[in-house]
Each structure stands twice: as structure tokens, then as C-alpha cells.
Amino acid sequence: MIIVMKPNAKKESIQNIIEIIEGKGLTAHISNGKEVTIIGVVGDKSKLQDQNLEIADDVDKIVPVTESYKLANKKFHPEPSVIKVGNTSIGGDEFIIMSGPCAVESREQLLETARAIKKAGAQILRGGAYKPRTSPYAFQGLEEEGLKFMKEAREETGLAVVCEVTSLAAIEAAVKYVDMLQIGARNMQNFYLLKEAGKTGLPVLLKRGLSATIDEWLNASEYIIAEGNPNVVLCERGIRTFETATRNTLDISAVPVIKEKSHLPIIVDPSHATGVRKYVKPLAKCAVAVGADGLMIEAHPNPAIALSDGPQSLTFPQLNELCSELRPLAELMGKKF
Amino acid sequence: MIIVMKPNAKKESIQNIIEIIEGKGLTAHISNGKEVTIIGVVGDKSKLQDQNLEIADDVDKIVPVTESYKLANKKFHPEPSVIKVGNTSIGGDEFIIMSGPCAVESREQLLETARAIKKAGAQILRGGAYKPRTSPYAFQGLEEEGLKFMKEAREETGLAVVCEVTSLAAIEAAVKYVDMLQIGARNMQNFYLLKEAGKTGLPVLLKRGLSATIDEWLNASEYIIAEGNPNVVLCERGIRTFETATRNTLDISAVPVIKEKSHLPIIVDPSHATGVRKYVKPLAKCAVAVGADGLMIEAHPNPAIALSDGPQSLTFPQLNELCSELRPLAELMGKKF
Amino acid sequence: MIIVMKPNAKKESIQNIIEIIEGKGLTAHISNGKEVTIIGVVGDKSKLQDQNLEIADDVDKIVPVTESYKLANKKFHPEPSVIKVGNTSIGGDEFIIMSGPCAVESREQLLETARAIKKAGAQILRGGAYKPRTSPYAFQGLEEEGLKFMKEAREETGLAVVCEVTSLAAIEAAVKYVDMLQIGARNMQNFYLLKEAGKTGLPVLLKRGLSATIDEWLNASEYIIAEGNPNVVLCERGIRTFETATRNTLDISAVPVIKEKSHLPIIVDPSHATGVRKYVKPLAKCAVAVGADGLMIEAHPNPAIALSDGPQSLTFPQLNELCSELRPLAELMGKKF
Amino acid sequence: MIIVMKPNAKKESIQNIIEIIEGKGLTAHISNGKEVTIIGVVGDKSKLQDQNLEIADDVDKIVPVTESYKLANKKFHPEPSVIKVGNTSIGGDEFIIMSGPCAVESREQLLETARAIKKAGAQILRGGAYKPRTSPYAFQGLEEEGLKFMKEAREETGLAVVCEVTSLAAIEAAVKYVDMLQIGARNMQNFYLLKEAGKTGLPVLLKRGLSATIDEWLNASEYIIAEGNPNVVLCERGIRTFETATRNTLDISAVPVIKEKSHLPIIVDPSHATGVRKYVKPLAKCAVAVGADGLMIEAHPNPAIALSDGPQSLTFPQLNELCSELRPLAELMGKKF
């Protein structure tokens, strides 16, 4: 932590800062520059947490030098994490496809989809039983009934299953049926939900918030890990920008940035990132080539009548075709699929 | 709802769309332009909710012509709403100041603040008992104990009190102590929480999400109103943009836009919008002049040691000074204060 | 300038940085923290301009501590600048209204507008003779003929006149006819144009780029001032964000931020910021209350048939009404108008 | 073009719109919906260019149904364009690498680079002789002398050469020495420069503006093509968003979106998009996999002392390694390289 003083800061202002720092048992390191004085803090900066130095006299700005997340930080955990989900693992040698409908609509729809995605090569079935929708008048999900269908699909196919949770009640229901919990983009900073998901010990798929920086995203993962649950997988799904040609802007650079800053695995969701089916294939390929650990791809028996996100869902033949094109690419990147 | 076909769309593709529309008991209105054919849908478009026409053959795009929110929409409710909160009202003739600390830290801190803001002219006391913080290692709030202090402050001063809620448990506790619930920016699309807040019947202060469009914000308010609770007050608190000179970018245009699109009152929070104390005064003034119904201003007995958001909090003398400068401005705008 | 090393940086890496710094005749100030080593550079950091220290071994990041603009910086020029334009001045006691059509369309249109805005109280006539338009098929301006009409309007009314310039040829023409040059948002980082405008010595109205940070904007003004021309007036006109309810998002906080960082005057353009006529009045008021030095307001004899930006232009009666509502507000803010 | 009326629009308001449309020789197509009336315009909508219908009484909004760019539009030119540049072509079967230093610094630096990039497999040499820099105190380029070195490098190696132009003077110089002109991101809406570049007939590399939508970018290309010069190549180089982990956010979706909307080739510049050398390789790979026609990669004999953009430049061994990893990927995508 560095405190940059204003040009011509008064001696007393500098002395005041030094006293606050030393009063907390830390060391102040003074550097008198040509224009400004800089004060470095040596020691555990969390001791200064209740001191708002930026409003002290003659302070120009405070510059943090270390990240506020520790458990998710690669600096203190250099080996990449491999997260076990059902019979498969994310972050290891295998390239993972999660697929399934946006919303679980019926037993038949889900079982049919589970069989189709397994055939295409996917390892994990996704399906929403609790749907966060922009409008209260849109379909809101089958809730626990939907979870039961997911469990049945898992038992029949052996696929691992993941479902989004949106409340403590949903978490309490989901732990009985699924292998992995998903925290959606709109709840990425619902810290209460993050803690509750952490407490379950189940692996958590943490989607990036629409306007979350990568640092905020890793801080959100820290909430889960701090509950003693290191099983977090990140999912880049597009951020909000001024561009409207796609529903969101896929921030593909997030993949190498996360690989640089964190040991957690990261997958990419091109379906939600674009909202447009015809862009799913090229973006899925680019996610493999950039080094992602997997993909989340929406698929539906009949996208034209899907109750949620039909326009971005693939048909089963389209999913099959996509997977066969991804296979040689994944191999070229050194991944099994 | 308008369906724009691609240039040279096949006759069968157009016929297919017409059949889907008519199959739902609606009327299709065809307009053959020079370059493209446009199909207007006459009737209740919600009947087409389970039809994803954008992926039908030869469809270029779908253009909605009406908003998806109805209860919050000024078109169907032209009179401005006035929301009663404790002994005061928001959206009427009076200009409202909500003030108080970011976080309730102790009984003394809160009572001292309540007396000071009342003296300055504020009508509503704010204070956070459940704090959503970016890092899990930051202060998380006093929870129910904090709510008790709020109630005590209300009883002593007669101020109305508002507190942020972040979970169903927090709502269940808060209804026993406060006059108004606040849904914070990070939970604006926590639809589960919106519904639960709606069910309480208490007035709800709904902050705009960091990257929420005005349409999404009004749709979020619709979730609350649809539970039979029309007592929603909106709060603009800055949106996320590329600019970093302020913590967020105060979207001051949101005030006249909301006044145009909705009947709900709207207040402005310059403290969170900028994160910088010295910018609070000019932005508070501009909020009065633009026609806002009130302000939320953070104040603290000693901002230098506030446990949360100290750098943007006013001291009590600063709050006093601000209020006396706002008074003639509010009067010029036709508001009592 | 501070160099933050990675945790566990090798001794040789630290030594290497020190040698580069000392090799340029500067002093390296080492601070060994608990987790990381920080190296402060004491002396003229521009000597390190051709050294890309961020890619040296074990460097985590470089943190600048001083701004790259000097001439526009309030730190080195604390008194606010007052810029003379024709018979009036911007940045002093007077609140300035620049008004006129987006595009000069004809002699009659311009003269009629000049008379009307003068009557309403405006001091400066604006009008575009060279129009940057998104589509090449839209009206591109009358060029030098338009400038002649501006000069005629100036002579008849005594108003100062300002015109946007988009090329060296336009500058060479404009200097013969107008009192102030405008650099538009799309050319804010057309550094060639900035230098050429600087060389003329005429006052320059520098609009903020659609996605320019405040720092980049002040650096752009530095290009003009560095040519020996200190007569720069800034104009906030909205930035690009995800919100589409207004054409751009007026960053009203830019006014107090500029007042904090620079001595240059700043005006606000609510017409371009919103693109919607009905929002011009509330945003004009808010610009006065936030402390701006003036406003740019588009007005047209008949907005319904304006060749450019009609939807955001005021009629003359609307301009009159606006000015009479702004007057008491400006007085309350301590400005003459 | 569709005009959406407000609910309860008066008959006279609707009649007024119809008369304006018919007065221009166009046909108005009325559709009376349940809530609102919609008026479609049949015929050449450019005839309504001087009518600002959005401010007519009772008009809610205007919805365009066709794009304003025609020459760049795939709808009217379905075959992909292949643009010849020197001895090579962009947009055909070959995957193109443009490489070289950000700024031409000396004859030796440029010739050494030209030889190295040729050996690595690049087909086009880039180098800046006119540098747009945020600060006026940064290196501004060698100007015409730099162009001479580019020509010499072309003659020695046979590589095609491309150089950014920032003014008419720069264009007039560049046409004597280079095979392709580059319009940089900051000048993407410098419409004057676009027209002048168009007039030369040379191929133009048009970088996307930092905050330009894809529609604005294609409209900018239309300015060049409308001068009779169809030889435009687009370059995605990152857009400005709230994320700061990378200098800009690479909008990789722009590649499939451009392939859907336009016939122009598109390349990707991961160096400028991220500003960080270690992210260049993964993003280069992802650009190949997403279907781009080529890459622009900055390379320098000694990035540590590059006068511009050193931190994002590759060394020659790094460029070699990158190219050998790209080769099998390009082949998998059906491109020769």
C-alpha cells in the first residue's frame, strides 16, 4: 500500500500519516520525490482497514500494491486447481462440455436432451430449475420438480449435473439432487448466496457478473473459498458494453488473464455471451484455442419453442457438428475430448 | 411487436411467420417495403412468448414496440406516485434527504448521527446492518443488533428509517424495525429478493444496478409491484463506465428519463456515485436542479475511521452546510425543504 | 513512478531495475515490504520514457504517481483561467450560453437564429459548416460559404461565433471568419488537428471524446497549449456507455472533477449528450447547479426540418423559456447571466 | 423505417405523419395495434432525411429497419471481398500476418525487423511513421524519413508495407512509399481523412474506434468505398470497457458479426487490444480459430527499449514461436499459412 501525497504537502500532513501507520504497529517508508512525497506501508495492511487515509490532509491518492483476494490468488497457490464434478474433472487434461437447455421444461425434454448431449460427447448436463428473468411475466422455472428430473437424467446417463441456485431455499433443495451449483451472473455479488453456496462443499460454477471486473470476480470466488470450499470453477459469459450487435461482449481475454492471476479453472459460455445461435460455433472454437478448460453450450430439442433463450440454443445435430469440429482443435491444444 | 424479414425472404418463410402469429389468435399485418417485408403483430404479444421467431427462416430481427413493464409504466399510470415512508412522503412537494452512515457500527455512532442529520434537516435515517462488501475480509455489518439501534434512533428522533436487506433472513428481521427496505445495486436483479421484499408491503428503495439499463431497472421494480406492493422509490447511484476519476458515473439523465417513462419517485445518491467526498456537494446540487425527489447522502461522526465508505462520507458540519445551500435551490425548483 | 516487483522477485531482477534507473541519472528508492519490494523513482521520470520496465524480469506493475499533462494541470497553475472569446469571456463571473443550429443551412436560417439567441440572452453563436456525420450519405455542411454567414451574423449582432473544424483546410478557412474553433468529440484525439488548432492562437473549444477518460481529455488539451495557445475551453457532451435511453450518458461529474484537476473552464452540452429535446431543459439546469461555466444548446427556427440533429434542437420560444429559468439558478450559483 | 406512435395518439397526429410521408412521394402503411399505431414507410426513406419525425406530435419512436451502409453490406454484395496488397491478398485462402514495430525508429531497426518477420512467415510489414500519442511529450514518429525506410524494407524483402496516416499531408507522403494505408482507431470517425484515404485508391486498413459500434465502423468503411475505393480491410483492436486488466477489451465476436454483415475481410490486433505481451499468443490463436483473415502483431528487435508500445511487442524468437504454433491451427481452419 502506497500513499501518494499532494505536491507541496505540509510537513504536519506527512507526519500525521506516519503516525497513523506506526500507531498500528506498521512501518512507514518515506520517499521524497522531485514533485511529491510517497509513503510506503510495510507490514499487514489489513490493520489500516478502519483508517480512511484518502481523506487525510494533503493525501492525493492511495495505491494498493497487492490484491485483496488471497485464496484464489495464483501468487500464493501456483499449481492449477483441478475440480472434481461427479465422475469428471474440470481444469485437468480433459476439455469439458456442459450442455443442456436454459430451462428445464419437462421430464421428457430434459431426458431427451441428456441422451443427446451425452452422444455428442458432453460430460456435464446443465439445466435451470430456478430462472432469473428480466421480466416478472416470463417463465420462472419448475423449481424442485425440475431438480428431480435432473437427478433422473444423471442416473440414467451417468452425466454430472449442474443447476443454478438463486436463494437459500434453492440451495437447500439443489444439494439433494445435483453435483454442482451454479451462481448466475446477476448474483455474482450476492455475497449472502456465495457464502451459503460455499458452506455446502459442493463444487460451484461462478459466472462473471455483467459488469464485474476480473478482480471483483476473483473476490467473489474468495467468498466461497473462505467458507472452506475450494471447489470453484469460473465461467466467462460476456460483459456489458456499448456494443449491441451481440447481447453481451465476450471478454475472451479473461481466459489468459485468469490463468495469470488465479489457479482456478475457467470455462466459456458463448451462448449467453452472444445471444445468437449462429455465433456460438466460432466463439466456441475460439474459447478452445485461447486455452479455456471447457465450454457451456445451450442445446434444446426444439429451440423454436424453448421457454427461455431459444434463440441462442443449438439443436442436437448442431451440437453434434460443433463437438466434432472442436475435437481436433482441443487435441491441438493438448486437451483430451 | 414487429418482425423484419431479410431482403429476398422466401414466400414460404413469410407464410410460416404469418401462420405462427395467426395460430395464436393474433393478427399479422404485412407491409411489403422496397427492400424488405415487415410483419406487425396486432394483439396480445405475450401469446408469442414461447415462440422464438428470431430464429425462424429469413427473419432479420424482431423489434419490440411496447415496454415489458406495465405497472411501473407512466403510459398506463400517468399521475406521479407519492410514497409514504414513516411520517414523511417521497415524490410529493417535499424534497427528501436520507442521510446516515454507510454501516451501523455502534449504538452511539448511530444515535449521534440520527440527531445530527435531523438537525441538518434530513427526514430519513439510513444505515446498513447487512453490508455487501467486495472482499470477504471487510466488515460485514452488525445484522439484527444494528436494526435495533435503528429502531431506537427512530423512536428518539421521529425520523423514518431505511436499511438495506440482502437475504430473506434479513428481510424477516428488518420488517420488525424499519420503515423502508433498501435493495442494493448488487441485488437489483436478485429477483427472488425483489419478490420477497414486495410481499412485505413495506416501501422499497430500489437502487439501480451498476450496469442496469433504465428498462431493466423498471422491470426490476415491476417484480416488487407485481407482488401487490406499489410503494417503490428508485435511487440512481451511478453506473459502471470506463471512466475511473469517479468510482461510478452518475447518470444524472436517468432522473428526467424516469420522470418520462414511469410514475415512480426517484432520488439520487451522489456519495456512492462518486466515492469521493469533495464531489458530493456539487452533485447533490445538480440532483436538485435536475428535478430529483430527494437525495441519499452518507454522513458519519468521524469519516476518517468509518468502517465502510468513509472516504465519501460527510462530517456533520459538512452536511449542515450542504443542506443550507440546497434549501434555496429546492425552493427555486418548487420543492419544500 | 513506482515499480512494484512480484513476490519472491530475484535479487538480480531488483538489481537490474536499480541499474536502469541509476543509469539514467535518477535515484532508486527501495522499500522491502512483507510480500513485495517496491522501487520508487526519484527525479525526472521522462528520462525513463524509452525504457519499458513493465516487461523487465519479475516486475509486477508500474504505477505512475504524477499526471502526464502539466500545462493544463491545476497543481502547477492553481488560478482558474478566464478565456476571452470575441467580446465575452468564459470561466469568469459570467455564465455563458452558446447557441445556434447544429449545421449552418442558409444565410436566412443563420441570421434569424443569431437574432433569436441574442434576444434570449446567449453570448456566443455556434453553427457547423463542416459536419462530421456517421453516414457518408447525410448532409456534410456548407463549408466556407457557411463561415461567411457566421461572420455576417457576428457583424450584425455582436455575438462571438464558434465553428467546428475537421481538417487543416477547414482551420485555414475558419480563422478568417470566426472567434473560436471547435474540435469535435470524434476528433478529440486527432492530434494533428489539435496541434494545428493550437498554432492559430484562437480560443479552442475542445469537446470530450465519446470514450475519452478525463485524463486523456486533459492530455488532448495539452497538445493545444503546448503550441503556445493557452486558450482552451473544455466541453462535456456525454460519453458512450451501455445505456441507450439517451444517445450518450452526460458525465456531469466531469465538471467538478475538471475543476479539481485543471484550471481550464468547462461548459456542458446537453443537446448532444441526450439527443432528445425534452431532456435538454432539466440537464441544462443541472449543469448550472453543478458549477459549469456555460452551456452549449442547439436551437433552430424549425427543428422539424433541420438538416442535422433536429430532434435535439430547441425552438426559439423554448430557448427563451429555458434562459429565463436558468437566470435565477445562475444567480444562486454566483454567476451573472 | 417504422414510426411507432404513443398510446392514445390523436387522429390528427397520425394524419400529420401520413401527410409528411406521402408529401415526399412515399407510401405510409398503417397498422393499428391493440395499444399503439405503427406506421411503416414504403419507398426510399432517404427522402425523409430532412424530416425529423421523432419530434412530431404523439410520436413515441422511430425504428430503422435497414442499415445506412450499402456498399459494405453483405446483403447487397454476398461474396467475400479479397483485397490485393502488394504481392499478397487479404480475405482469400491465405492467413495473413502483418508484423513490425509500433514506431519506425531507425533504418537499422526497421530493416532488421523486416528480415526477421519475413523469416517467421509474415507477409506484410507494419511500422508507424506518424504516431498518434496520448501525451504530446511522447515520441511522435520519424514522418517521411520513416516512410523511406519502409520502402527500402519492401524492396529488400518483397514484403508489402502498411503505414498509419494521420493527416492529408501524411497521406500525400505515404502514397509514394507504401502498399496500404492504415487509419488508426482514434481517426476512425475522422471523416475527412477517410475520404482522402478513399481517393488514393490504395488499400486501406481501417481500425475500429475505441468506442465504435460495428455499425459505425461499417459506416466509416462506407466513406472510403463511396470514394470509389472498395479495397478496405477491417481490423478489430479492442474496445473500451470498464475492465482494466487489459488495456482494451478484444471484441472477438466482432469477427463473426462482420462476416455476417459485410463482405470485407477482417484481421485482429491482439497487441493493441491487450497492451500486454504475455496475452498476445493466446489471443492470436483465438483469432485464428474464430475465423479472422489475419493478424497484426507488434514485434521489435529489443522491446525493452522500444520508443512506443514496447510492453506489448514480441521479440523475434517469440514471433517465430507464435507463427509455428499458429500454422497447424490455420490449416485446421482451412487457411494456408
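Per-chain residue numbering starts at 1, and chain names A, B, C and D are given in the order in which the chains are listed.
Note that in this section contacts are C-beta pairs under 8 Å (C-beta built on N, C-alpha and C of every residue); 3 or more make two chains touch, one makes a residue touch a chain.
The structure presented is a predicted model; accordingly, all values stated were derived computationally and were not measured.
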{"item": "Fewest touching-chain hops separating chain B from chain C", "value": "1"}
{"item": "Which of B-D and C-D has more C-beta contact pairs", "value": "C-D"}
{"item": "Chain centre separation in whole Å, for chain D relative to chain C (CA means)", "value": "26"}
{"item": "Rounded Å distance, chain A centre to chain D centre (Cα mean)", "value": "31"}
{"item": "Length of the line joining the C-alpha centres of chain B and chain D, rounded to whole Å", "value": "38"}
{"item": "Residues of chain B touching at least two other chains", "value": "211, 240-242, 244"}
{"item": "Chain B residues within the chain C interface of the complex", "value": "211, 213-215, 239, 241-246, 249-257, 260-261, 273-274, 278-279, 282-283, 285-291, 328-329, 332"}
{"item": "Sites on chain C touched by chain A in the complex", "value": "2, 4, 6-7, 29, 31-36, 38, 40-44, 60, 63, 65-66, 75-76, 240-242, 244"}
{"item": "Residue ranges of chain B touching chain A (in the complex, touch as defined)", "value": "46, 49-52, 54-56, 68-69, 130, 132-140, 166-170, 186-187, 189-193, 195, 209-211, 216, 219, 222-223, 226, 240, 277, 303-307, 310-311"}
